[in-house]
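Below is a structure I'd like to ask you about.
So that you can tell them apart, the chains are marked A, B, C, D and E in the order they are listed, and the count of residues begins at 1 in each.
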Amino acid sequence: MNILVVLRRRLMFLVLVIFGVSLITFTISHMIPGDPARLLAGDRASDELVAQMRENLGLDQPLYVQYGRYIAGLVQGDLGTSIRTGRPVLEDIVAYFPATLELVIVALIFSILVGVPLGVASAVWRNGIIDQLARTFAAIGISTPAFWLGLLLLVAFYGRLGWFPGSGRLDAGIAPPPTITGMYVFDSLVTGQFKTMINAIWHLVLPALCLGFVHVGVIARQIRSAMLDQLSEDYVRTARASGLSKARVILIHALPNAAIPSVTVLGLAFGDLLYGAVLTETIFAWPGMGAYVVNSIQALDFPAVMGFTVIVSMAYVLVNLAVDLAYIALDPRIKEVG
Amino acid sequence: MKLQPSAQNRPATAGPMSTTPVLSIRGLSLEFPVWQGALHALEDVTIEINAGEIVGIVGESGCGKSVTAMATMRLLPEAAYKVTSGALSLLGHDMLAATETELRHIRGSGAAMIFQEPLTALNPTRRIGTLMTEVIRAHRKIGKKEAQAHAVKLLKSMRIADAEAVMNRYSFELSGGMRQRIVIALAFANDPKIVIADEPTTALDVTVQRQVLTLLQNRARDVGAAVMLITHDLGVVSEYTDRVYVMYAGKVVETGPTASVLTKPCHPYTHALLAAGPDQVAPGEALASIPGTLPDLREDIPGCRFADRCAYAQGLCRTTPPPMRQDAGGQSYACWIEEEAQA
Amino acid sequence: MMAAMSQYLTVFKNPAFGRTWARVRQSPVTVTGLVMLVVVVILVGLLPFFLGTDPNAINLRARLSTPSWQHPFGTDEVGRDIFSRVMHGGRISIGVALFVVAVSATIGTLIGGLSGIFGGKVDTLIMRLMDIVLAVPSLVLTMALAAALGPSLWNAMVAITLVRIPTYVRLARGQTLVVREAGYIMASRVFGARSGQLLGLHVVPNIMSPILVQATLDIGAVILMVAGLSFIGLGAQPPAAEWGAMVSAGRGYILNQWWYSAFPGVAILFTSIAFNLLGDGIRDLTDPRQKGRS
Amino acid sequence: MKHLTLTTCITAAMLATSAYAATPADTLVIGKAADPQTIDPGVTIDNNDFTIAYPAYQRLVAYDVKDGKGQTTVSGQLAESWTVSPDGKVWEFKLKPGNVFSDGSPVDAEAVRFSFERLMTLAQGPSEAFPAGLAVEAVDPMTVRFTLPDPFTPFLYTLANGGAAIVNPKVMEHEKDGDLGRGWLSANTAGSGAYMLANWEKGQSIKLVPNPHYGGEAPALASVEVRIVPDASARRLALEAGDLDIAESLPVDQTAALEGVNGVEVQTNPSLLVTYLYMNNAKSPFDSVEARKALIAAVDKDAIIEGIMMGQAKPLNGPIPEGMWGYDASIPASEYDPAAAKAAFADLGLSGKTVTFALSEQDAAWPMIALAVQANLAAAGVNVKLESSANASYRDRLGAGDFDIAIGNWSPDFADPYMFMNYWFDSTKKGLSGNRSFYSNPKVDELVRTAATTTEQPEREALYQEAQKIVVDEAAYNYLFQRSSQLAMRDNVKGYVFNPMLENIYDFAAMSKTQ
Amino acid sequence: MSIAIELTDIGVEFPVGRDWRGRVKSWAHALNGVSLRIARDRTLGILGESGCGKSTLAQVMTGLLAPSTGAIAGVSGAERISIVLQDPNSSLDPRMPIWRIVMEPVFLKQTRTREDLRREATALLVKVGLRPEHIDRYPHEFSGGQRQRIAIARALSSAPEIIILDEPTSALDVSVQAQILNLLRDLQREHRLAYVFISHNVSVIRHFCDEVAVMYLGQIVEQGPSAKVFATPAHPYTRLLLDAVPKIGRGRSTGQLDETELPSNRVLPAGCFFRSRCRFAGAGCEKPQPLRLLEGNHKLRCHKDLPAEA
């Protein structure tokens, strides 16, 4: 299986996913009782006005026509116009998505930095105190409602201690860096605005901690299991019998091999993090997709919901593509095995 | 047939040796704690291997031969076992008391080990060259280039034709025989005095097995290393070892020069094992199988561990463990029954 | 679920039970999970029968009162006794989670198992479909589904169940592909077993362990998902006491009336941790690597 | 792990110096619960959007301020004077000279004409306040004439609301696909107000700066920043920490907790926001006056006000709240009488019956009120089944009359009893439009319609009061309470004026901060 | 002598690897024209090293794999063919009690009462040397040899004509192997079974089989009565194989090395498949070799007559 095969399969799959996802979302969102035109026109609007708006929005057309139009637009990169904000959905998503992406990436990095050592320690000293504590910690992490933890963090580190900012991506006086990716830390680093970067990182601490906490457990569990697999492999025994130090065997031999199967878990974790971001964003006033999509659903803003779904699904598929490619890059065996 | 519990029995290893043995296991008893008890994996095992010797350890599954090998290198998981008595000295080091640093020093340089499965014995995501230089440099203070040159030399000594190319390959890209040759090369990387080979060819085809064993034997002779060859195949023992230890249920039951043990077995178990081979009877005739199964090693077995399956077992066999006795040909065996009784 | 459970419990029937129990006892994580679960069952399953307090009795003049002897967990924004609501609410939260996990695991296992056995085009079709469903952000899918079906606990359960299925399909299929290589499957094929027979006789019983572990681990997650839906008004309907809805409702009071969301939050945390520790422990105990020793 | 936490703490401590940086003296920072959606005054009907849109534009008339209090009466803003024809159909306004848009172009009659034509062509929510068929013409550069198809007395008041903003005709330069500049204006301002939009980080913050061409006195604040902080607890924390000067939309429990917090002040004012129960008049059992009256008697309104609203509301006895002209103080308070209610329900054969109560969680108080009503009715022998749904779906139910009891909030768009009487009781407005109890009485129809076209205010007041007596007698709705509006701010914020018509809307030009 | 099953010119190939457009890049040629007939009461040994196609052959005979070319005649399907697999750990479902395992071939096909099945299972277990009380136990409670007995009981339960024995003793110790071989021998006599005994173990095949087929790269290179083939091996590969087996009594190894490696089955060699490893290779070997008949039903895929070995 070489890279071209993977690329071809994934790209075909991407098309399939976009079609499938848009169809599912379209069908379900149009099953929701409620009239977006009515919502937009306001409580007191007359029926004539509502009917007129429905016509303006194309909502009076049969569903298959609406869907056809949507797909036709999609092919040309047009995700439609948000009913709620009146702006092109793509524009809204471009405005909101980088913030979410930045948060998710930092949270992922945080959970890897904590989760991997935890998982390794847990596997190496299996059933020992460290293992028990790590597993308990993982269970607590997975069981903690994100918004609950978020509020606790907010009250403690912002409200009482004042160590970290409680909301937003930058302090009031600091201007965002020029938009390259829309991710402030990256953009300010590239443009050399280090003060902005530090401020942005500082704003990321609490939300990323909150969001990443759950995944520390998920990743620690995965790494523990993968490490146990590797540590029971014969090559580990060979390495030990060759007089290599325990640390070397664990870190240089077993860990990279354990990381390979764990990469797929990161792909799935990415999806979960996007989900988890919604509540976290609300609490830390993080201007990402979370609040946007929840509001869109409640406002029955179909184009916005579908645009979000299509984009997130694409991101999901692309991340998993990246994961597959990473897999190929990391594991020399893949190239050979049919 | 009569029993001969006599005082003139001497310990098997009593004879003075010309050199100090590279490996000396004396009266080693080892157990694995299990629920409400212990699995007595080794009982009073005494094995000695001298410089340059190829010694076979033979027995069926569960006899303790692999545990012995692993214990020799202190590779059993530390928390999982307990040595209840005995001594284990490898190249003059007390392995039971060795520190992690000492062990690291001994393993891979003075003593090396070869395992059964060549496919899984090498880290699949690292190149052969990386694996070899890593082990070389773990024991010698030399540069990367030098280590690589040494690795190529080692591979060539294992008759690997395009050694330079193989250095850049991954283990899964090579055939089973090739892999096992690399494993052997790796074992000889730092001029060991002893190589412990645990069923090195069980997973290989017979044609490949012959190559691998021959290479192992030749290489050991060239560098003057002793080999502890663990196997269940009496044919392998016959063709490749100088001396042999036959193990059964965690005990050494018979030992001596290979030729005499295999042609003139003294212990009923060795005898039965030889007789069970399909070559031993005419095609189509019933084979001489050993009735019964291995005793449960969790239980205390007061007498001879083979007594329940032994055609000659007597009262004493079931109550008192037989001591090692030596016969004239340098063959020792642990049995209460006189050898002529079995002839 | 019951059939699956009893299958699983054969562990306890066979003579190795003693040793298994011994191993369980040596694993503090598992024992802790088990003890916590027993506590949950007693508090949630039995206590409400003795309590006698009406979890829905409101008292607007005693709203948001601090914990006291009369109200050990304080009262909520309409003066209901939080202690009694937490105890009653557990039955909804845990019941819903058990239902969702049981149904989605059963359906997912059957689909994944068949997909794994058939292989080929059927497998590809099913897996692509599942991949698509997995690619839809689960939040949007559950929210949209629950909204489309109409607000009720039942519909929320249906929505979450549907969203959970692909996870089990994937897991079951992966396990089936492993089991499929086993000699007994090959033998069974030689003896003429049809796919359905393979599934029922060999595949399902043999892939049950990891699936039950996953299901146990999932219960906490599902409690949280139900909570999320209840929060946006798509789950349990008032005045039903449901933990997630209670935490969510108490969210606005966290700075001053910490007890409101804290106690149901702790209940979720406690229950979810119990299931997680238990699942994690079972997984570790059923792990073949534990037994193997060369 | 331990090590990591430690590093994080040290880093944090190093950075912490700026954590308590209070907002600059010339910048007002407002914490908002949700990002505005569109700030096009011709499109939005949401006060949350008008926080930005209102101060960026001017209107022909503006609400009066008397003794630091906002009034429901109006006087000219862009208009210097106006006349109305005797038949009430033709309104002519003379513009004040010297008002300029933010790009420097003058505000003239043409701009007014353009703005109203755009509003009516867009036909979005805000156009609903104005009579369909409204004709506008620029008589001369400083005179504009409106011609109404029918007399509509509240017209003057509608000119003060957000939709009546005068928009710079230059927005047409940004028109795309015939959208009348709607796309551009959704995220930009083009008005003659004191402030204009400088920057909008979606979902995060919005910055307003003074309009350099503003015709009035130069404002004190160099900038206004609106930060989006969705979580109420987080907003409150930020206010306490000094990161916000004003925290909007805090629930009563949060504002109560802010009492006595150093540097924070909570302003409480009576608002025109009312909360009331719809009883479905078109459907059994509440098609009977007796049943409706029994329900009213069964509900303990005072307990709800005290318990749920924490006293931040006062009982509402009739449809017009106090503070709106037309309010009738003589309407008696409804009496809480569970025994009578129980007896009445028993007489009607409703004991043990179940009625549905539809609601959403749009307003955090609604579920609590619903629970209270449920408990009250249970005491009176009637079971209530609560049916909570997403707000959009809930509104569908309201429109379809698919409920026995439902709950709602109402606040006027313009300062005229029309907003209550005509919307709530005119039988042509049944459903979502306003008459959500599906009340129908030809006599009341006639009274409120006459009131809407009569030009003399005393006469109108009399008509509305007569109608009020009837609908109260027929128990069309269960009026619960009229809320107090609460706004939490730092105590150094000066010049804030509350106007019941303009919740969440600020006259930034009149505001300042002391150090 | 009644023919139980006859294979004619069986070929099997698998796709290996696909290019970026999803087209098959190459094929693995597992079987390349194998013809066999197996008679009742007789044991045919299939001898070969890993990769020679002997397991594929077993799959073809049991109907698990449809051959790409060739024909199968005689008994077919699950009714008359049974199988015993190599690894007794994996071939018994760990979640089933023994009586269910043993009777699986029966209850898959027929509806029988539980009592009926249990009674029959008991009888079969006793026949293979286990005790009646074992029927309610689970596989992990048995030793390797006992498990293989259970697998044999299962193979017998459908009253087959042919049992495919796919390396039935290679996972067992010598002493246990002897027990199992003896049992199989007894059962064959009692039930007039035809055995196909697949193994890489020369001495087991020599001991157990009436007839032997030596396989190399998916072909039979030599076939004939076992006594004959082992006494006078005619094919160079057979000789190589027999020489490679370490034997007691042959004495210490001289340290002489053979360079030998099995070629890949992706690209089949032209001419004689064994040519590249054959020390007798020479003229005529570049042509494909047919299976020719020597005296006494002894067949050989080599055009040379090798000198008798010392």
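Heads up, the rule we're going with is that a residue touches a chain if its C-beta (ideal position, glycine included) is under 8 Å from a C-beta of that chain, and two chains touch if they have at least 3 such contacts.
Which chain is which protein? Per UniProt: A = ABC transporter permease; C = ABC transporter permease subunit; D = ABC transporter substrate-binding protein; E = ABC transporter ATP-binding protein.
Remember, it's a predicted structure, so these values are computed and weren't measured experimentally.
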### Query
Any chains in contact with both chain A (ABC transporter permease) and chain D?
C
### Message
Between chain A (ABC transporter permease) and chain C, how many steps is the shortest route if every step has to go to a touching chain?
### Response
1
### Summary
Interface with most residue-pair contacts lies between A-D
### Message
Need the CA-centroid distance for the pair chain D / chain E, whole Å please.
### Response
87
### Summary
When centres are defined as mean Cα positions, the distance from chain A (ABC transporter permease) to chain B in whole Å is 54
### Summary
CA centroids of chain C and chain E: separation to the nearest Å works out as 48
### Touching two or more other chains - residues of chain C
147, 150, 232, 251, 254-255
### Summary
Where chain A (ABC transporter permease) touches two or more other chains simultaneously, the residues are 32-33, 151, 155, 159, 297-298
### Query
Which residues belonging to chain D are in contact with no fewer than two other chains?
231, 233, 237, 390, 393
#### Entry: chain A (ABC transporter permease) contact footprint on chain C (complex, rising order)
26-29, 32-33, 128-129, 131-141, 143-145, 147-150, 217, 220-221, 224, 227-228, 232, 244, 247-248, 251, 254-255, 261, 265, 268-269, 272-273, 276-277, 280, 287, 289, 292
#### Entry: chain B - residues contacting chain A (ABC transporter permease), complex
73, 75, 100, 103-109, 112-113, 115-117, 120-126, 134-135, 138-139, 170, 172-173, 183, 186, 189-190
### Query
Mind pulling up the chain A (ABC transporter permease) residues that touch chain B in the complex?
233-235, 237-246, 248, 253, 256-257, 260, 330-333, 336
### Query
Taking the complex as given, what residues does chain C use to touch chain D?
56-58, 60-61, 63-64, 77-79, 147, 150-151, 232-234, 237-239, 249, 251-257
### Touching residues on chain D, where the partner in the complex is chain A (ABC transporter permease)
1, 4, 8-9, 12-13, 15-16, 18-21, 23-24, 27, 29, 34-35, 37-38, 40, 43, 45, 123-125, 127-128, 132, 182-183, 186-187, 201-205, 225, 227-231, 233-234, 237-238, 240-241, 243, 390-393, 395-397, 399, 413, 423, 432-434
